[in-house]
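Mind having a look at this structure? Questions to follow.
Order of writing sets the chain letters: A, B, C, D and E. Residues in each chain are counted from 1.
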Amino acid sequence: MEALAATVSWDACLIVLPLLGAIACFAWPNAAKKLALGTALAVLVSIASLTIRVTAAGAFRHAVGAWGAPLGIELLVDGLSLVMLSATAIVGLAITIYSAGYFKADVSSRFWPLWLFLWASLNALFLSSDIFNLYVALELTGLAAVTLTALAGSADALTAAARYLLVSLLGSLTYLLGVALVYHGFGSVDMAVLAGRVESTPVFWAAFSLMFVGLALKTALFPFHFWLPPAHASAPAPVSAALSGLVIKASFYILMRLWFEIVPADYSTFTNFLGVLGAAAVVWGGLQALRAKRLKLLIAYSTIMQVGYLFLAFPLAVAAAWRGALYLILSHALAKSAMFLAAGNILYCAGHDRIESLDRIAQRLPMSLAAFAVAGVSIMGLPPSGGFIAKWLMVEAALKSGQWWWAVTLVLGSLFAAAYVFKVVGYAFTQAEAPHTSIDVPAAMEWAALALAVAAVLMGLIAPWILASMEIGRAFPGAAIP
Amino acid sequence: MILSDYVAAVLLLVGVFFFLAGTVGLVRFPDVYTRLHALTKSDNVGLGFVVMGLAVEAESWFVVGKLLLIWMLVLLAGASVAHLIARGATQRGVRMWTD
Amino acid sequence: MSSVPLFALVGAGLFCIGLYALIVYAHLLRKILAINVMGSGVFLVLATLADRTVNAAPDPVPHAMIITGIVVAVATTAFALVLMLKVAEKTGRAELPDERTG
Amino acid sequence: MQLFNLALGLLLLMTLGGGIWRALRGPSAADRMLSVQVFGTAAVAVLLLLAQAFGQAALRDVALAFALLAAVTAVAFVRRAWAEEVDCDPE
Amino acid sequence: MDRLTLVLWIFDSVTGLGLLLLAGWALASPQLFRGIILFVAFSLMMSIAWVRIDAPDVALAEIAIGAGLTGALLLAALSRLGDSEPTQESMNRPIERSYRARTFRSLTASLLAAVAVALVFLILALPGDSEGLGAEVAASLDASGVSSPVTAVLLNFRGYDTLLELLVLLLALLGVWSLGGLPAQPVSPAVLVLDTLARILIPVLLLSSAYLLWAGTHAPGGAFQAGAVLGAAGVLLSLAGWQVRQRYTGVTLRLLLIAGPSLFLAFALYTIVAGQSLLEYPPQRAGVMIVLLEVAATLSIGTTLAALFVAEGPRNKEGQ
């Protein structure tokens, strides 16, 4: 048994097992829930084993089909992918447990295969080192995300899903055009091979711009964010959690990989431009979140703001800023999913999510409100949360490199976050004018939300360990802070 | 060029002529039925001559068989579809052109 | 093949025509057509350049990629069409509301 | 002979223009569908001519698939789309 | 030789110009039906273009999938769209003519024109002698188990892509079903001619599918083209009004749908447990395994495409 555990490629398990689970759920809809829970556990075992292996033996590449790049596809397991995979596993497990209670029987049998497909495609995406394979994984992720969004079935959800689908397709086609140019300019689609060949030619920059635009569209970077709020706000709550917590990070992850692995040098005009877009996203997202009348819409706008932070790492360009950005991805994945799950509980209980009519929800769902507030601590970036570590790293990077204006943006973002989190919490305690009936929320759903929120805060306490794992196999680019 | 080349060339030319005639009919004829007529006759005959011309030059009987199969399929589909379209047009009351 | 990658240029043109239609037209069916045209454009760029090798044989890798892409395109098109019909059923219009704001 | 075949292929390609004209012009849906049929048949001929000119046997398979699938599209038109189509242009 | 080049150049230019014009007309057409017809013509023209750029495999896929099935899908969707009355109006509504809308359109157009020009310059600037991976593929072709380079790439060298792609197809169908599927089409009266056509064409389609599958190991063709032709047979069946028996739409249907992906995944799982690289073929058995995978994939692709066309959702009790 131990010998088996040593030879099994756990990275491949992360892709194959959820896919098998998805197909099994499709073939036996009656047993879907049990199959999905089993799959989630199997994935958890795989990610734990993979983490142990990578921590002990370092990063490695896995040549699919034993061909190796450039002919074949290679998977890459290093600190960066490990962090993304772990975040997916943790959030995924919580969503799985939550969804077991959330969906009614008829929707439930449709949800499980789609959700496992999404999980598998995210894992495939975080493992791939091949830019064409990433295109296929992106399409799989996008399609799964859209089908899940449409699951809610309302006119809003369907319209949002249609828009999301078109944006997603546009994004991947634009990315693919970039891939085509890269392939012909440099004769490979493997990132490691490309890293050795790419030169700073106009062809490369055009190709990169195309890939960048495609991915930014999928990441919902301002001003490409227009599709996100309706989709994330109208999807079923566990789906919103996956979309905000994980799916938009997937395209950002590819962007980060490309930036680290193959982009030859950075140009401050371009990175400053990205920083400006990021700052605009922070301000716009913050304002819209404050104005939002519905809880899920508020959380969706908060996501746009958080995406803005991520793009501030480009102009900061020091290793610490990238550490901060990655830390932010992690903590935001946990905190934002927790918020959406908590909002889902409120919606489940009250039947609506209008913020001003949250009739004493604090009494009815104390745990869910606590989950929302605790997750809010991380979103605001208060110590000791993961969000705090992330922002601290980024602010420090901004100040040390003399770009104080980015630090101002980060602080401004925290103020916005504080304002909208307190707004929600405030209404949760007051009595609404029109009291409404409430439905009991299954305990597992409340616990799932709270556990994620607490994890987001506790992440700050194990920061040294996480920060060390991030850079297994690859140091982040940019100078260390003096 | 040997004799078979000349035969093939003539057949191909005739085929292309029919295609041209069919297209002219498609463009110039006054209603859907007459256009249907122009098209199905000329196209199928045109393709038939082209297939024959190519068959003369074909390297093996297998190729000849495949060429004929393709022609038969186009004939079959063309005839059925033309019938269905004409029928449908009549049912929908598309009137025949009268002068 | 000719030295000018003619079809790659056509592909670039198709990409832009499709993108224009995707942005400008409101009807979902048109948008789906536009996405398909854009896809064809990208595939043309990919394949034409595969034919620009020094030796005679074209590069098979892009061809395989295009076949992958075509299958992905038909799958997403089929889904998009059903989604469009559902949107039309619920809202009475196969369009997306307020296209340019949001 | 190669040149001859190609030239004929080119000529056929040009006749496709007539088909497109009818597809644009209409006026009825049936007319448009007809034009696609012409398009299909002419394209089959073009493919066969190209197959001969370049000695590429595989193109005949392409032509075969062409002939088969054109029929399926046409039937889809007759059975599905036609029923709903307003049969005249506002010309 | 000179004249040959000239003729080919004119041929290509006409094809290229035709593509651009057809695309433009198809998208700008005031009537949706006309747009779809022109789009089908566009796809047909695309396959001639594929032939001209030495990609017969792609031409086959484009014909079967792009022109044939996509065309049928679009026409069927349009007919269902006509059912809801208000849509009929918006369908043929001319685009907005207000000042703001016009400015927006011309801005978009000029921006995209600039992008197009930039792309043209870039494509012209690309090296004309790129090697690509042709040499690598040729060098490993003997070990791949098949002699057609495209099939070798699809099933072996980049077989992992193909696995994911099969799943995209299945996922699309799952998506359609999870939307609740579409209401069943009213059974149109049987037409003798159509019935006869179907009776003859369906066996030919099945044979062609098998032929393309077999040809795929050494020539253009393969699982996707074969699957698409198989799917076309299913589409024709459904159009001719033939009903599939109730008992085949449950478990049998699901098994057919998952045959390809599951066989692929079973193979993947085997390589994981055996401690090999993911999807690593044993060299001496690669040929047989590829054929097996292709047969299963063809069945699944064909069934999935036909099911996507029918789009009625599963009819058994538990799937709803």
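Methods note: a contact is a pair of C-beta atoms (placed from the backbone, for glycine too) under 8 Å apart; a residue touches a chain by one contact, two chains touch by 3 or more.
The model shown is predicted, which means the values in this text are computed figures rather than measured ones.
**Student:** Note the shortest touch-path length, in steps, from chain C to chain D.
**Tutor:** When the steps are counted carefully, the minimum from chain C to chain D is 2.
**Student:** Touching both chain A and chain D: give me those chains, sorted by label.
**Tutor:** Of all the chains present, those in contact with both chain A and chain D are E.
**Student:** From the centre of chain E, which other chain's Cα mean sits the farthest off?
**Tutor:** A
**Student:** Please give the pair of chains with the highest number of C-beta contact pairs.
**Tutor:** Among the chain pairs, C-E has the highest number of C-beta contacts.
**Student:** Taking each chain's centre as the mean of its C-alpha atoms, give the chain farthest from chain D.
**Tutor:** The most remote chain is A.
**Student:** Could you state the distance in Å from the CA-based centre of chain A to that of chain B?
**Tutor:** Chain centroid spacing, chain A to chain B, equals 58 Å.
**Student:** Report, in whole Å, the distance between the mean C-alpha point of chain B and the mean C-alpha point of chain C.
**Tutor:** Here the centre of chain C sits 32 Å away from the centre of chain B.
**Student:** When the centre of a chain is set as the mean of its C-alpha atoms, what distance in Å lies between chain D and chain E?
**Tutor:** The separation of the two C-alpha centroids amounts to 19 Å.
**Student:** Which positions in chain E touch two or more other chains at once?
**Tutor:** Touching at least two other chains: 8, 36, 52, 69, 78, 81, 119, 126, 130-133, 137, 157-158, 161, 165, 168, 171-172, 175, 179-180, 194, 197, 201, 204.
**Student:** Residues of chain D that contact two or more other chains, please.
**Tutor:** 19, 33, 35, 57, 64, 68, 70-71, 75, 78, 82
**Student:** By the touch rule stated above, which residues of chain C touch at least two different other chains?
**Tutor:** 15, 19, 45, 49-50, 52, 61-62, 65, 68, 72, 75-76, 79, 83-84, 86 - these are the residues of chain C that touch more than one other chain.
**Student:** Pairs of chains that touch, anyone?
**Tutor:** A-C, A-E, B-D, B-E, C-E, D-E
**Student:** Show me the residue ranges of chain D that touch chain E in the complex, using the header's touch definition.
**Tutor:** So the residues of chain D in touch with chain E come to 2-3, 6-7, 9-10, 13-14, 16-17, 19-20, 23-24, 26, 29, 32-33, 35-36, 39-40, 43, 46-47, 50, 56-59, 61-62, 64-66, 68-73, 75-86, 89.
**Student:** Which stretch or stretches of chain E touch chain A in the complex?
**Tutor:** 118-119, 122, 125-127, 130-133, 136-137, 140, 156-161, 164-165, 167-168, 170-172, 174-175, 177-180, 254-255, 257-258, 261-262, 265, 268-269, 271-273, 275-281, 318-320
**Student:** Using the touch definition from the top, list the residues of chain D that touch chain B in their complex.
**Tutor:** 1, 4-5, 8, 11-12, 15, 18-19, 21-22, 28, 30-31, 33-35, 37-38, 41-42, 44-45, 48-49, 52, 57, 60, 63-64, 67-68, 70-71, 74-75, 78, 82, 87
**Student:** Which positions of chain B touch chain E when the two form their complex?
**Tutor:** 73, 76-77, 80, 83-84, 87
**Student:** How about chain A: which of its residues touch chain E in the complex?
**Tutor:** Touch residues, chain A against chain E: 4, 7-9, 12-13, 15-16, 19-20, 23, 26-27, 29-30, 62-67, 70-73, 75, 106, 109-111, 113-114, 117, 121, 124, 132-133, 136-137, 139-140, 143-144, 146-147, 150-151, 153, 181, 183-185, 187-188, 202-203, 206.
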